[in-house]
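Each of the next two complexes has chain A plus one more chain, namely chain B in the first and chain C in the second.
Right, the complex of A and B next:
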């Protein structure tokens, strides 16, 4: 990394409008395109503070600020458009989290990078609706939260309860949600409301290591830990009545369930395995990057293709996972209300992915090009009339599910045409962290957090008490800030705000 | 990887003093471990990782398993060593380790053989801490200064 004085660094950054900054070439070496990041005043301060801190002399064991990472990504071979930082951007491994980068498939130099997808491949969010109102749920809220906690395995060392053997696993990896459907864990219409219809067709389980499969098998159907959760939420505010109506969200107080989870140990192992392969390939193919964690391979190389096929298998794993938890959630509600999940209208509104690489067509300099779009901590947000979104959302645009942090609100947005042009149809994914976990634990007492949640009427079931402090809202950027910035910048449009009434965490 | 049957010696039950700490990082955590030798720093790092997943005070030593890690350089060796420990936890025997003892530490050929002491992770017995998703190379540092008796490692784990 080039280390300059903070004032020197600022010369490469330019504020284009109240919500958007550009990062000029030269900020980091070898930039092929410019960078850009979307922020409002509050978020802007966090980004620049991060940069200022890194310019101080004597930073050991430190990490690169988000702006630098966006610039390093802009230096990767084959990148087109701009390296985009969404409002929730914060530093991660190689790629910042909240970073989108697209590569021209017709350019033989173009690369694919597991770091641009993330370790938790197809970490994503699914939203189920119900026809219940908050007042129906209030009297039994504690029992319902407990029931959900008992049905869904969460936390360190938890194992899945849906019976699976190695052969089931192979089929699930290849078939994704089609497997869940066949086994009776998913409804046919669930697929319609899922990206890729819950199955990436180029998945090839034979490209996945035995190690990954072994790590994945016990964890299928588990929620995970960290910032993963299942929440019972209610509609708090409706911004766009028409779009909300199309999603089946008709009234304030309507009860929904949001599930935030990914591919667990399986996806992580796939990413790890690929990084090892690609480091070797980089030496062979003379690919240089600004950061070791930006390990990548030519898209058309054996390593590149193998990664895409195993990434697809991991994506399928995550969809099977979210489908399994959907099934368990439907069971938990059905038992409590003594009604079939069908009668409770527990349909999937949509399922989005925020850590994945997709092959998509976009207009670049007036021409239609096929691009490999990496979205890490970034959600696809396709506009109205896009052929890849379900029929019932053709007029509204693709639903975008933005999970808030524990005890704060979540949002549903829709994709816009402006977003399609400016960010290749990408938007934020959540709140993004502000405080490190260690700082959170030192400064925040878990009892205070629990009391506060209780006072807001939120029931919480958590496997790890430590997590309560690390995951408290104070540790994160303000999700409302992030979402409002996306809305103001025109890259996605607010539809509904959801408020949690029960939280289940690992 | 194999399990050794037979009795443990008294020495096996000795738990080394803690020579690790957890450092600030925005989204994840950085393990910082040290020792009187590189080998010890590596061992402490392994225990630091397990210490983040649960409270090691609740872990008993009932089994021992041997793992092996190979790499092309020191950073790769640290990475693969921790990855092997994580794997031990993630699949059968789902071992949570109270202590690890490196029996072979080859810095020419970058190879580690290590004995891992602990027991099978049980929800209810062992507090659920934070899950470690992966080991990363991000900001990894291996400080090897024999003159100053300084042996430290820094590694960020994805949680």
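Right, the complex of A and C next:
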């Protein structure tokens, strides 16, 4: 890593408009393309402070600052366009979380990197609507929260209540949501409103280690821990009436359920296994990167292909997982309201993936190119009339679900044409951490967090209260800042704001 | 061909009638005029009666024009079809009382009668309230009059499903943009129909395969 004074570093950064900064070549060695990041004034300060801290003498070890990570990704072989940092960007393993990068499939040197996908493969957000109003739910909020907590197992080491054997698991890995459909855990319309229709076709369970399968099997249908949650939310504000209407969100106070979860231990094991393989491949193919954590392999190499196939299986696992939790949520609501989920209009509005790599077609310098798009902590946001988005959203653009932190609000955005050209149809994914987990634990008391949520009228059920401060709103960037930056920069458009009334957490 | 209509009119051999045979065709036309239509006086039917003559075709053309047939320009089978329908109409008008009470025998229903809970299925289409409602919506959408309100409702549905609702000013950009938008909307509509059919197929398969189960004994909350 190049060591320079903070003032020297700043020479490589240029503010090109109020919401966008450019990272010039030379900021890190061997950059093939420039970097770019989207911030408003508040987020800009966080970003630059992080860089300044890392320039102080004696600051070694730990994660590199986000800006440096974006620039290191720009130095990877085969990258096209720009390495993009979204407003919620923060340091992660290799790639920053909130970083997207696209690699040219036709270039034999192009790489795929597990660090560019993340350990929780196909972590994502799903939003269900209901036809209930806040006033229907308020009186039985506590019971409903408890019922959800009873139905959806949460926390580290939790086990699911949907009976599955090893054969079911193999089929689920290959079929994704089609498995849930076949077994009757999902509705036909759920598939229609899910990214990739809930199934990556190149999944190959035979490329997944036995260890990953063993970890994954009992965890199917569980929420997990960390930043994952299920929330009962109400519509707080509607910015785009037409688009909201297309999603079935008609009025303020309407009740929704948001599920934020991923592929649990299964995805983590798939990523860990791949990293080991890739270190070997890098030595063999002489691939050099600026950071050891950016382990990668050529897309066309055996290791690259095996990773993509096992990653797809993990993605399918995550969709089955979210579908199973959707089923359990519907059951919990049906029991509380003594009505069929159908009659409660509990349809899936959309299901986004914000940790995944996908093969997509984009226009680069006026030419159509097939790219491998890595989105880590970044959500796909395709514009109106894009062929890969559901027919119901052809006129509005793809819904983008942005989960806030515990106790803060969440947003629904839609994709735009500007986002398609500037960021390969990508936008932010959530609030993004501001404090590390360790720092949160040191500085914040978990009792304060719980009391504060209670005072805001939010029912909460947690498996491990002592870890709740890691997820306190103070540990994160302000999600409203993040979303407003995306809206102002034009890479996606605000549609609806949601506010939580009950939270289930690991 | 025309077996049903000929039978209804009491033609002696409806089974074997061949429309393509010139001679049979002519004799059926004559039979129709003689027995059913009786538009001419008996002495005026000479032209049609001369079945083997070369002038028959002319006489037939004049006959059709005298009947004000809309099919004079059509194919011979179309012309005959109209004549037959016309004859049936006259036959019915002569004996309204007899035919009015005719009942079609209902085929036995295999499926049980399903009582629908959908309020739309229980609408009374002959009620004055329904007629008045259709009248109001027709006025709003500019659908013309028709004696059957259900027919008008179908027309309204078609308009609402397919036509763009907003009038946009005609600028140069719009001249290209508007048709493009219309095509996009029609495409989206087709796509929706297709997706609905896919969903229906999935649901049909689910009826066979689905058996969702849960077992709370397996569940374990983590720490």
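Note that the second predicted complex is superposed on the first by the 505 of 506 C-alpha atoms of A that agree within 3 Å, B and C clash if a C-alpha of one lies under 4 Å from a C-alpha of the other, contacts with A are read in each partner's own complex, and residues count from 1 in each chain.
Quick note on the criterion: contacts are C-beta pairs under 8 Å (C-beta built on N, C-alpha and C of every residue); 3 or more make two chains touch, one makes a residue touch a chain.
This structure is a prediction, so every number in the text was calculated from the model and none was measured.
Ranked by how many residues of chain A each touches, chain B and chain C are led by B. Of the two partner chains placed by the overlay, chain B and chain C both lie in contact with A:506.
When the two complexes are overlaid on their common chain A, residue A:385 makes contact with chain C while staying clear of chain B. When the shared chain is aligned, chain B and chain C each come close enough to touch A:158. In the superposition on chain A, A:350 contacts neither chain B nor chain C.
Contact with chain B, but none with chain C, is seen for A:226 once the two complexes are overlaid on the shared chain.
Look at A:271: by the touch rule set out above, it reaches chain B but stays clear of chain C. In the overlay built on the shared chain, the residue A:183 is in contact with chain C alone; chain B does not reach it.
Applying the stated contact rule after C-alpha superposition, one finds that A:463 touches each of chain B and chain C.
When both complexes are overlaid on chain A, the residue A:38 reaches neither chain B nor chain C.
Residues 155-158, 218, 225, 463-464, 506 of chain A lie in contact with chain B in one complex and with chain C in the other. Residues of chain A that touch chain C in their complex: 149, 153-163, 181-185, 188-189, 191-192, 218, 222, 225, 327-328, 331, 385, 390-392, 394-395, 463-464, 506. Those residues of chain A that touch chain B in the complex are listed here as 60-63, 90-94, 97, 119-120, 155-158, 211, 214-215, 217-219, 224-226, 265, 268-269, 271-272, 292-293, 433-439, 463-464, 466-467, 470, 506.
For chain B in complex with chain A, the residues that touch the partner chain are 22-30, 32, 53-54, 83, 87, 89-92, 94, 96, 121-123, 126-131, 133-139, 141, 154, 156, 158-159.
Residue ranges on chain C touching chain A, taken from their complex, read 184, 188, 191-192, 195, 198-200, 202-203, 205-206, 209-216, 218-223.
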